[in-house]
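In the two complexes below, chain A is the common chain; its partner is chain B in one and chain C in the other.
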Partner chain A sequence: MLEGAVLLLALVGLGLSAACLDARLGGAQVGAPFGEVARLLVQQRRRTLLRDTLLLRIGVISLIVAPVLAGIVIPLGDAPVADLAVGIVWFNAMEVCVWGSLWLTGWAVNSVYPLAGAYRLVAQGLAYELPHMFALITVALGAGSLRMGDAVQAQQGLWFVVWMPIAFLIYLVSALAMAFWGPMSQPVGTDLAGGVRAELSGPDRLLFQAGRYALLVVAAAAAVPLFLGGGAGPVLPSWLWVLVKTAAVLGLLVWVRHRVPAIRMDRFTQASWLVLIPLSLVQLLVVGIVVL
Partner chain B sequence: MVVTEWLLKRAADHPRPFVVSAEHGTRARLLGEAEIARRRWRPAEPASEADLLVICGTPGEEFEAAIRTVWDDLPGPRARVDLPSDATPPSIGQALNRAVAHLADKDAQWRDAAARAGKPWSPDADRNSDSHTPDGGSSHHGHDSHASHGQEHDDDGHEGGHHEHHMGNPGGLPMAGRGPDRDGLSLDRLHVSIGPILSDWPRGLVVESVLQGDVIQDAAVRWLGSGESFWAEPWNKAAAGHPVTRAEAGRRQAAAYLDSLGRLLSVSGWSGAARRARALRDRLLADAPRAELAAPYRSFERQVRRSRTLRWMLRDVGSIEDGDAVSRLDGWLTRTRAAIDALEDETPLDGAPPVRHTLHPGLLVGGELATARLIIASLDPEPAVAHA
Partner chain C sequence: MAVAFWILAVVSVAAGIVVFVVDSMARATFALLASLLAVGAAFLLIDLEYLGVLIILMMVMEMLIMAVFMIMYMMNPAGLMPMKMVHNNRGAVIISGAVFVLLTAGIFLTSWPQRRGEPPADPTRELGMAIMGSKMLVMMVIGVAILATMISTVVLATHRGRYDRYGEDLKRRRPLDPGPGQGPGLPAAEHHHGHGSCGSPDPREESG
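And then the complex of A and B:
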């Protein structure tokens, strides 16, 4: 119960901090996200002809539920909310639910740009998911377990980021893609008038944006037990180390958005399949040999 | 009630403006964008995100109808600001202040909401009263919002602006027709007008496209309104016999390049670099001296040139005889630097203004929407420029 409350608090706190940092880096006032929340709370709903309200609700609500469910397997200090034996697979599965959320949202509003944004999401998913899964499998192989806690235990001597650097880099790229953020934000791109979220306003948009930040936080937080030794660190208590490391990864992901242009999937898919997948397999092989 | 009022005030402190440039609106747009950046408001990227619609210049009849459609779809609280072509920085500031006050005004927003709730909504609510052009132009302003209207057109039933409710079709709209696509599949063909109200979009451009998925199968280009004389103003003045220095023309030209760069970088999804380009543009137009501009420009140029991702994404995009999008980007950067370096050249201006690109619809066919947006942004085309 307590862990659950802590998880939600951490998601809200880190999500808002990420939004404020993003606003600051984007040249706006730091408090802009709070103004945006107020604006969306009083905003009316946009209407489109023949929208499928049920699918839209499912899409928008699942977008915020999925990252919370993905977050329950991440150890916040010593233990996660739910210490599943297949935690890494669970995390991956919840994060793939987001594909469904975005597709339903893009489809349900019955408008061209959101639909085209949803197409882009599918292309993006095909490009990033395989290297992403290989990166996760590399961690599981190194830990000899699919439990997040075991992955942290296995890093007592040496963090995985040190001897699996390629898997870590691939994980960071796919974390951006997972949260359709920054260079991987084509599904909600400006050039598509906002893509999937183009017709969302008021509470729908608030939930959508909150879900997106929650995803970003969860993607950053999962990097800590997977690659950065979990709560390991001197002096400070382990929960604080988790928080510090998560905030560092999160800050990096937010910063990248302002430094790198958007990556189009018609170009990235080729790079992903011809470079990232072989690289991730080589990393898997190396880890496999070391473990043997 | 108290909570609503408080939220409205908080929201009004952080408005999301969307700036539309209509005919003769470039000057007002630039001043408006500079003022919005100065206030550190976050511009709405698509119009649908906005609560503040800023119209610059004097929209023609068709443009005004498109604006009205966007306005009708804009969820409240909302405010509209009209900046005339001869707007001055103080008058723009006052207009924006009034709009913010309107956004925070609970009673006004209630009245607006009640008036809208009173009349039944349909996507074509205001269209019956419009004077439609028979070629089907004015009924489909493919603005940001209701792009779904594109489905109203069928392959063979070009409906124009008339309301024909087809029995048996959902919502009275004909189903999208099918056609073979580039991979030999049979896919829906949607007729979508892209523009004229989009962010980072050339003023008045409408691309009538046929989409399958997000691939453009067919495209036609038309322009609302004529060319803009703002960027060519120094040359027009010189041609009319007024004394104009090279420095003045170079300043205007560098600002034009930076404006185009801002659009291209923004469409490329690199809002940080786009903001730098626009900040430099605003300082150029505010008559900042060369010494204050040269160093920041160099730093901006270095950042853009060093981005390998940008080059990777722009390579072989929109190749015409003068090269692809990368070479056009490089050209803009080089010429901007030259123009900034020559900001102290007081010799009289002669010659003609640099020719801007035109847009051939054939360039867009066969590419994804994303590529089409990049092609258009990398050309930043204009209709025939009006000379005085």
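And then the complex of A and C:
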């Protein structure tokens, strides 16, 4: 119960911080996200013709529910909200649900650009998912378990980021793709007038944006137990270390958005399948040999 | 536990029926997904966490890809118009009725074995050993081989292969791709090869 509240609080706090940092790096006022929240709360809904309201609601709401469900297996200090024996697979499954959320949102508004954005996300998803899964499997292999807590335990001597750096880099790339953020933001690209979210306004858009930031936070937070030793660190208590490390990864992801241009899904698929998959398999092989 | 099972069972069957009732391809796909997610959740009830979560993971991806393909092959573009989801009603009713009777008869006529032993401490591990056991190395190699086959199939099936993109002798430094900002335009003949009816204006043809 307490952990659940902490998780929600951390998601809101870190998500807002990420939005503020993003606004700052983008040349806007630091407090701009708060104004945006207020504006969207009072903005009237714009409706498109013959939209599928049921599917739109499911799409937008599941976009914020999925990251929260993905977050319940991430240890916030010592214990996660739900210590599943297959936590790593659970995290992956919940994060893939976002594909459904975005496709539903893009489809349901009955408009061209959102639908094109939704198809872009499915293409991007197929591109990033395979190396992403191999990176997660590499961690599971190193830890000898699919439980997030066991992965943290296995890193007490040496963090996984040190001896599986390729898997960590692949995870960071796929974290960007997962949250359709920065260089991987083509599904909501400006060339599509905002892509999936083009027709969303008012509370719908607020939920969508909140879900996207929650996704980014969860993607950054999962890197901590998977690669950065969880709550391990000197002096400070473990929950604070988790927070500091998550904030560092999150800051990196937000910073990348303002430094790296957007990459097209087909180009990314080529790079992902021809470079990242072989690299991730080599990493898996190396870790497998070390574990053996 | 029993309550949860019955709720999931009812959701699963009801969502399965909805697939054939709704008149929208998207709703049908996601009703099917809801049905399969309920099945995945039912696996969690019998402590087969790995299989349950895996079903959820795979079904979300599968249904998404299925939706893309179904809509691609539909008669009305983008599939936004309502459409009938059932065809050949009489034949379908006979076939599905016969299959239902067969399966139900099977359930009642089989002599189900009594439970022996206790559930293992780590069902995921036991499941892996039961399926793969001593053939683990073979299965792993086959897994990578299947992945390589999938990727090569996609590479072979893509409309524009590496010879289109990098030239006959693969010596072009930047690939020649559709879209703006790609250097010299493609010759118009290449774009209209095989489909003369293509009416979409191509930005490259204006500049090139």
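The rule we apply is simple: the second predicted complex is superposed on the first by the 292 of 292 C-alpha atoms of A that agree within 3 Å, B and C clash if a C-alpha of one lies under 4 Å from a C-alpha of the other, contacts with A are read in each partner's own complex, and residues count from 1 in each chain.
Definition applied: a residue touches a chain if its C-beta (ideal position, glycine included) is under 8 Å from a C-beta of that chain, and two chains touch if they have at least 3 such contacts.
Given the structure is predicted, the values throughout are model-derived calculations rather than measurements.
Of the two partner chains placed around the shared chain by superposition, chain C is the only one that A:Ile277 touches, whereas chain B remains out of contact.
When the shared chain is aligned, chain C comes close enough to touch A:Trp90, but chain B does not.
Residue contacts after overlaying the shared chain place A:Leu50 against chain B and chain C alike. In the overlay built on the shared chain, the residue A:Arg264 is in contact with chain B and with chain C. Of the two partner chains, neither chain B nor chain C is touched by A:Val65. After overlaying the two complexes on the shared chain, residue contacts for A:Tyr119 are found with chain B and with chain C alike.
In the superposed model, A:Arg39 makes contact with chain B only, not with chain C. When both complexes are overlaid on chain A, the residue A:Ala108 reaches chain C alone and has no touch with chain B.
In the superposed model, A:Ala248 makes contact with neither chain B nor chain C. Residues common to the contacts of chain A with chain B and with chain C across the two structures: 50, 110, 119, 264, 266. By the touch rule above, chain B contacts chain A in their complex via residues 4, 7-8, 10-11, 13-14, 16, 37, 40-42, 45-49, 51, 73, 75-77, 113, 121-123, 144-148, 150, 170-171, 173, 190, 192, 198-200, 211, 213-214, 265-273, 275, 307, 309-310, 312-313, 368-371, 373-374. The touching residues of chain A, counted against chain C in their complex, run 50, 52, 54-55, 58, 84-86, 89-90, 92-93, 96-97, 99-100, 103-104, 107-108, 110, 115, 119, 122, 125-126, 129-130, 146, 264, 266, 273, 277, 281.
In the complex of the two chains, the chain C residues touching chain A come out as 24, 26-27, 30, 33, 49-50, 53-54, 56-57, 60-61, 63-65, 67-68, 78, 80, 122, 124, 144, 147, 151, 154, 177, 179. Looking at the complex, you find that chain A touches chain B at residues 23, 25-29, 31-32, 34-36, 38-39, 41-50, 110-113, 116, 119-120, 183, 185-186, 189-194, 198-199, 201-202, 205, 257-264, 266-267.
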